[in-house]
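Next, two complexes with chain A in common: one pairs it with chain B, the other with chain C.
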Partner chain A sequence: MSKTILTVDDSASIRQMVTFTLKQAGYTVVEADDGSKGLEVAKSVGDIALVLTDLNMPNMNGLELIRNLRQLPAFKFTPILMLTTESDETKKMEGKQAGATGWIVKPFNPEQLLKVIEKVIPA
Partner chain B sequence: MSIDMSQFHQTYLEEAVENLAELENGLLALERDGNADLNAIFRAAHSIKGGAATFGFQDIADFTHGVETVLDKGRDLTLDLSAEVTAVLLRAVDVLGELITAARENRKATANDRLACQQALTDICGDGTPKAASARKEGTGGHKMMNITFKPHPDLPKTGSDPLNILRELGRLGEMTLTAFPESVPTLEELEVENLFLWWEATLETEHTVDDVHDVFLFVTDEAEITVQVVAAIDAAPQAQPVEQTLVAEPMTDRRAPENERRAGNDRRQPEKAPETAFIRVATDKVDNLINLVGELVTTHAMVSQHSSRVDADGHPMLHSSVQEMAHHTRTLQEAIMAIRMMPISFAFSRFPRMVRDTATKLGKQVSLVTHGDQTELDKTVIERIADPLTHLVRNAIDHGIEIPEERKAHGKPAEATVELAAYYRGGNVMIEVRDDGRGLDRDKLMKKATEKGLAQEGETYTDEQVYQFIFHPGFSTAAQVTDVSGRGVGMDIVRKNIQSLGGNISIETEKHKGTRFIISLPLTLAIVDGMAIRSGDEVYIVPILNIMESIKPTKGQVKTVGHNAEVMDIRGSYIPFVRLSEVFKTEMGDGSTRPEDGIAMIVESDHERIALFVDELLGERQVVIKSIEANYRAIEGVSGATILGDGRVSFIIDLAGIIKRANREGLHHAPVKPNKSKMTEEGHHVV
Partner chain C sequence: MGDSFSRKGQNRYLDPYVNRWTTKILPGEYAVTAEDELIVTAVGSCIAACIHDTVTGIGGMNHFMLPSSTGGDWAGQNAAARYGNFAMEFLINEILKQGGKKTNLVAKIFGGGTMMPAQLQIGEMNAAFAREYLQTEKIPILAEDVGQGYSRKVYFHPKSGAVTMKKLMVLANDTIPRREADYGKVLSDMPLDGEVELF
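Coming up: the complex of A and B.
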């Protein structure tokens, strides 16, 4: 069975591109368009191999989502990657403190995305 | 199924503009300072290219590729990013700007410099690479042996990083021998099962670069201590190299389970690596913790000492001698711990040979750099923070101080100028000098400029010292022509500010046609200060010894009131402001007298401004541990920190620069009009 990845991003275009890329690579993808919806999806789906989240989102931002996910027993050690921009060193630090595993620098192309994902959840 | 990428175009192009700005700023910094974050510059170009390729802007992607290649080689040190190369890169930035703008406006880009610039980039890579690459090949490419240590913090798993995963990825880079060290695994009772207590050492035989190895650890650099060291380059026939052979005697693949790694850790038949044994790596926070603890110990000792002094000395001779012995041990312990953080200044000096060469070449000058006292040690933080001011001073010396060869010859000096960097100890301080044998500061020119800027008044007389100090004023620059190396007049004030923030100061000595000497005095460490404890009213303060020139008991009539109650003190014929500390902090003066002859005037200096600071009593020299007020409350002007006295009281450490500033601003060097009894009106006083 293919691994399930949760992608959380308020930008439909980015979400679409990510989903497209991941599906092509054989992953199952679930989506949410903000942090609080992401948290709900995470709770209901449960068996998620990786979470991919943007940081700036309405309602619940990426950092809060990461912190909330880490509270859930099922997500204690789940790799969580955040989408960030290169200049955002402080965001990276905050993300790590919240419990993020790593980051993907925006803008990225499909190959870069898959490479980073394979780094944290090897096939 | 396909996705319409055009919907991302707008976003991409905006990002490209931002990245281009970053690229340009980075290049300008590189050109200006000879020193910039090459990784950041590279990433900016890389992002432009990456996005362009994704979203179908092939012309941008192709063109940026050339820029990226040059930067990549510069980053790897296989190419010298000289002034010429940087100039081409800046041209390329302009071309890229046009390409991006054209894409945003949906029109065809005007060609202009594009092809020529692309060719220039190709040429740089073409003939610049091979020879430079062979000269500095170490660390990039080639078959080599690396030693890697990976010490994750216990809470690494909390960020979802799997160490096994990381080790496997590392193993994929080459032939790896892995050793796990289990000695910090606690007993089962104390074991936090979700924490990680193992650490690993790997020997990797690989074709990859050190950067590639660091990339493996990309996401855990903050949650682990990682070192990567190239031990040896291995030629095509590794069999001919017996040393490496022993190192890879038991090649172990990366796929083994942690249990096996743990067992390997107990098997200590691996040869010791000689250069490693002399050092152990310690996390800096452990050292800082030690420094803190020893600071507490010093304070506690001061308390013991104070209490024991009240005990009859004859009745308890042993008590007194042991307290004294304890003082000695405490002090030795403190010095030993401070020494852990000490690094030779060569860490800061090492960047200069290259910088001096590049700057001099760019300006058409001949300069040789000489360093003295490279092994002089000072605190790591001080070294890190002094590097930038030093860079600025050296660059200034070359740009403004050193003459062009013809001019030097005309003055009978050798065409090649000398810039010297010297470090040495003086008392509890480290002195760093930047000397040049250039034209020296031009007093008349400085005066003229200072008058123009309104810093100096016409008709007034100024000492040489005062005149030279003008160059530390914001916006002061005497360069007739602003060069691209320096001369924007935005540096010297920052230089002085940085040095002062380290508790140091800077002075100038100069002689026309002989040269200039900038003398920086820095404390050995930022954690303790040698101070004089003084009493003003009921309060005890610490004044840094560094600032104290002398202390005088004023005689009757030595302090005079001039103008509107301003008080000045006659020091061997020159008058300096007489500032009462009790006025500065508006504290209760107690029942004591306010007459100058009943107290002590400390002649103190900061920023070459001298005042007489009037206090009631000197209590003696102390070495005190600085505690930050800012971190616990907020900054208070005139106070640089606090310390705890032997009797447990809190005492402020005086920041004289701040006191002088306050006194000047508030006109505090006046006689107390009428001892106003308003106690503690000054905010921030009595913080604790």
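Coming up: the complex of A and C.
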């Protein structure tokens, strides 16, 4: 059974690109367009192998999403990667403290994204 | 990487004619303001996208193009479109960071001119990309002046959303196309991947 990845980004263009790449690589993908919807999807789908989230989003940003997810028993140890235009070190540290597993700065290429994902959730 | 890919415009001056602080942006740059200020650029085949929040008056402008080198498919879009995606996202994210709301955003686009007959497609591709991107992101385009064979000087007042555009039918020098060509070269040579850090 293929692993499920949750991608959370307010940009439809980015979600399109990410979803296309992940599906091609054989993953099942669920999407949300902001943090609070991401949290809802996470709760309802449950069995998610990895979360890929943007930082700046309406309603609930990526950091708040991570903090909320980490409080759910099912997401205590789930790898969560930030995918963001922010390359600022203090933001990165905030991400780390919130419980992010890693930080990917946009722009990125598909191969690079898949490599990182394989590293944190080996097949 | 992010900064070299899409830089924030640094060139800010008090424009004596309009008596307002004005930020001038060059190819590959963007600027965002919540103040009663202007942002200005001159585009040839590049696109200047002016985006603002109709409620808060926060807005900004970028100046970008798609690089001519292609290769590597990504959601049916080639690598070139990815540059465009990120150029637009840097601008929009900065507007959101300063307090804008995505659902309040509207856009006006300028540029995509044909500067040399041999480059017929470049301007058209840039304009087509900008339209498609904004459509995907559900950001309405309120006005546009794209294509044709001239350069444009674009003044944007994010607070009101007003744009003043001057058609530059005859260029006094080759500064605009030269800057854009230099920017195009830099883009083509730039690897399209950011840094990755696993904590």
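The rule is short, and it goes like this: the second predicted complex is superposed on the first by the 121 of 123 C-alpha atoms of A that agree within 3 Å, B and C clash if a C-alpha of one lies under 4 Å from a C-alpha of the other, contacts with A are read in each partner's own complex, and residues count from 1 in each chain.
Heads up, the rule we're going with is that a contact is a pair of C-beta atoms (placed from the backbone, for glycine too) under 8 Å apart; a residue touches a chain by one contact, two chains touch by 3 or more.
Note that the structure is a prediction, hence the values are computed from the model and not measured.
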Clash or fit: what happens to chain B and chain C when chain A is overlaid?
clash
Touch test for A:58: chain B only (first), chain C only (second), both, or neither?
second
So, does A:119 touch the first partner chain B, the second partner chain C, both, or neither?
both
Between chain B (first) and chain C (second), which, if any, makes contact with A:80: first, second, both or neither?
first
Contacts for A:10 in the overlay, against chain B (first) and chain C (second): which applies, first, second, both or neither?
second
Is A:101 in contact with chain B, with chain C, with both, or with neither (first, second, both, neither)?
both
Which of the two partners, first being chain B and second being chain C, lies in contact with A:43: first, second, both, or neither?
neither
Between 27-35, 45-53, 531-539 or 639-647, which chain B stretch has C-alpha clashes with chain C?
45-53
Would you tell me the residues on chain A in contact with chain B in one complex that are also in contact with chain C in the other?
13-14, 16-17, 20, 85-87, 96, 100-103, 105-110, 112, 119-120
Quick check on the complex: what are the chain C residues that touch chain A?
1-3, 5, 72, 74-77, 79, 82-83, 85-86, 88-90, 92-93, 96-97, 101-103, 133, 136-138, 192-199
Residues on chain A engaged by chain C in the complex (per definition of touch)
10-14, 16-17, 19-21, 56-58, 85-87, 92, 95-96, 100-110, 112, 116, 119-120
Contact residues on chain A for chain B in the complex?
13-14, 16-17, 20, 70, 76-80, 85-87, 93, 96, 99-103, 105-110, 112, 119-120, 122
For chain B, which residues count as touching chain A in their complex?
1, 3, 5, 7-8, 11-12, 15, 22, 40, 43-44, 47, 50-51, 53-54, 157-162, 165, 168-169, 194, 218-219, 222-223
